[in-house]
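Labels run A, B and C following the written order; every chain starts at residue 1.
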Amino acid sequence: MEIPYTVAERPDTGLYNGKLGIWLFLASEVMLFGGLFSSYILLRTGDPNWFKPELSVPMATLNTMVLITSSVTMVMSWASLRLQDFKKFRLFSAATFLLASTFMVIKALEYNTELSHHLYPSANNFMATYFTMTGLHGLHVLAGMVVIAYLWGPGSKMWKTEPERFTNRVEITGLYWHFVDLVWIFLFPALYLL
Amino acid sequence: MSTVSEHPEEGFIRKYVFSIDHKVIGLQYGFTALLFLLFGFCLMLLMRWQLGFPGQPIPVIGGLLGNANAPGGIMLPEFYNQLGAMHGTIMVFLGVVPLLVGAFGNYLIPLQIGAPDMAFPKLNMMSYWVYFVGGMIMFVSFFLPGGAANSGWTSYPPLSNIATMGQTAWLMGMVFLITSSLLGSINIITTIIQLRAEGLTYMRMPFFVWSQLVTSFLLLLAFPPLEAAGILQLMDRLAGTSFFMPSGLVVSGQVLEGAGGGSPLLWQHLFWFLAHPEVYVLILPAMGIVAEVIANNTRKPLWGYNAMVYASVWLGFMSFIVWAHHMFLTGMGTVMSAFFQTTTMIISIPSVVILTALLISLWGGSIRFNTPMLFALAFLPMFGIGGLTGLPLGLAPSDIHLHDTYYVIGHFHYVVAPGTIFAIFAGIYYWFPKFTGRRMSETLGKVHFWGSFIFMNGVFGPMFLQGLAGVSRRLYDGGAQYSHAQGVIQFNQFMSYSAFLLLIAQLPFIFNFFWSMRMGEKVGDNPWQATTLDWAATSSPPLGHGNFAEVPVVWRGPYEYSVPGYEEDFLPQHVATPAPQEG
Amino acid sequence: MTTAHSPEDIKKETRVYILVFIALATLTMITVGISYLDLSTGPAVTLALFVALIKGSLVAAFFMHLISERKLIYAVLVFTVFFFLALIFLPLGSFLNQVAG
């Protein structure tokens, strides 16, 4: 029993099912992080005793560059598939995974520094917001890493049997990944620069 | 091209437990949700005992509730609060929405649009099991030390921040339920947009499908801020943060430790951002069901279908910007208050448009008064009362007097209980032949209807009087200790008797439901002579084998009843018919 | 698969990706640089938000192909952005417009 438009695009919408599905999911994610951004704004404007400890801007700037680069390698991995170059796909995909891991390592180093200076989430509302927002973002990075690893590894078998469907899966993963980058583009100034 | 495929029979687990067939998943949702609905109803009955007969031992089961909840069978206030919080949570999140969207939506949407299944069948299966886990967490929370959540279904901090373990379970449960809802709404929207059969344009979709489409957008975009709030409250409770804890909070004479600087109002904004659209999630699919049943049983097209569609979309849009009418008494200034009062008044317009269109649809109809139609008809005035009583709540000056009183409880129960739940009953009686190939007993159905109708009004009608007198909600003794309540306190016993009789009235339904599955009168594919595509599929469509013998093509709108020039008084959407006869 | 493009088109897209990357890197440096200027809250927030919006738009338009995406997706996103703004500004408004005391 075949579900229509899993791979082929439906003529009137111009979309295949997965693409619509992922954009809907990303819309909900906008509202999720939106709720957290709204909370941050409200808490900061509402607290006359707001205190913001120093965070490492250099480390976060480096992380920003890492994530942006990973977005490039991600979209390149998809472009490679559209050029029928499976080897390049694996290369760029692996690069994305490595860059994502680098991001997580730098984040872990930052957390370690903060916690060892007793800057726990319970210390004040800035630290609470910082850990919660970057923590949730980090979980999203991890989830992305799992999917990218799957498509690089066992999932890549589909390239031989259903190359178009596999390309779609990589495209959808890419859209998710770019969104994760997008969230960081706003988190970085909000938490580190302002 | 046939969609019935040849493949080996699946094992029991694959076919009935971890099925990816939308019909099985719909039935799973249906049974689970109905059980939760019954459970939530029983929680309410316990509350009504306490309110009608305060301080008296609960008969029969009082001894089974344990000393922590009801020593000597007499309910403790702490337990009453758990019942209140969990009754609301269970009815809304584990009962009504999973029924309307998970059960009716999943089962019927692919059928009504002529699709072989939902767009993402595996995601569908996941969404059910995640709901199940969330439900189990909520259920099991009653057995935790300190019991279940007890800070209202609204979980306002700071109280909920310092509440017992049950509140953490509530938050975890909500995370699962919200995830399930998210997966479901992505599936429904994609399915409706992408998998409509050839010829099924948007304006030829049954109104039920439109109502599900709008509802899913509400779920998709309104739930995440509550998820965010849930994460923040979990952080407060487990990691000692102060997102919602103001500075210098004193509890039982002691200043609470913690950084402070937080905002309890922040929770309220994030909660109501979801919870207001949520009430439209509760009513829109119900209106969808009522529309189908009315069109079918008047043997004429729905009046104002286009207006109903546009009104639903407008309603969905507005529902995102009215939420702070639940917060008029939080110290909001006149500018914001005026904004939310205005949007709230505006949102009543599309509601009225839909209700009026349904009402006018009855005019000149050949009305068949079968059980589904009785429930659908009763929905109209009951929802009308519910909606009208919302108006003084949506206007700040009158809300000052009525906020947090029994008037509010009366208002929202009228919309959900003799409102949505009546629509659910209508849907069950109407589509039972589709699910099972058999009809439910009409006699038992009518007994169920009249009993429910009378006793629902008995339970909720007097609440308006109590509320107007100023009796607050969530009072363990029903207002007994307040002088201003004395004039209306006698209604408590009356309402409690009505509630117990309401339970009795459900017994013929429960019996009818299970008995008819085996012994009900067998019927063909289209016993109601309906026009929509769901009735083109075989009765009790085969599980796991696709829905239609042939992929349907749609030739006309959804409610072509009594079209002049044809012998039959209905033209199914998928049948290509010759031109009408002359004369 | 999106509407079939020739290998030349895809190679052209690749060039765009590199250009966007350079732009993003530059904007990142700019926004960090601005933060060292110690501006007052109003201008600081406005500038940071402005740069972030440009960066975000570049990611959305080119990496996520929104610039050539279908109307339906745009429609979903337009509504989402509207509700996102409601979520940010209405609670803030309620807070700022509070009754004194």
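Quick note on the criterion: contacts are C-beta pairs under 8 Å (C-beta built on N, C-alpha and C of every residue); 3 or more make two chains touch, one makes a residue touch a chain.
What you are looking at is a predicted structure, and each value in this text was computed from that prediction instead of being measured.
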Chains touching both chain A and chain B, listed by label: C
Pair joined by the larger number of C-beta contacts - B-C, A-C: A-C
Gap in Å, rounded to a whole number, between the CA centres of chain C and chain B: 37
Geometric centre distance via CA averages, chain C-chain A, whole Å: 15
Touching two or more other chains - residue numbers and ranges from chain C: 72, 80, 83, 87, 91, 95
Multi-chain contact sites of chain B, meaning residues that touch two or more partners: 193, 221-222, 225, 263, 266, 269, 273
Contacts with 2+ other chains: residues of chain A: 13, 15, 20, 24, 27, 31, 34-35, 38, 42, 46
Parts of chain B lying in touch with chain C, wherever the complex brings them together: 193, 217, 221-222, 225, 263, 265-266, 269, 273, 317, 320-321, 324, 327, 330-336, 339
Chain C residues touching chain A - in the complex, by the definition given at the top: 1-3, 5, 7, 10-11, 13-14, 17-18, 20-21, 24-25, 28, 31-32, 34-35, 44-45, 48-49, 51-52, 55-56, 59-60, 63-64, 70, 72-73, 76-77, 80-81, 83-84, 87-88, 91-92, 95-96
For the chain A and chain B complex, residues of the former touching the latter: 1-5, 10, 13, 15, 17, 20-21, 24-25, 27-29, 31-36, 38-39, 42-43, 46-47, 49-50, 120-125, 128-129, 131-132, 136
Chain A to chain C touching residues, read off their complex: 7, 9, 13-16, 19-20, 23-24, 27, 30-31, 34-35, 37-38, 41-42, 45-46, 57, 61, 64-65, 68-69, 71-72, 74-76, 79, 82-83, 164, 167-168, 171, 174-175, 178-179, 181-182, 185-186, 188-190, 192-194
Complex contact set, residues of chain C against chain B: 72, 79-80, 83, 86-87, 90-91, 93-95, 97-99
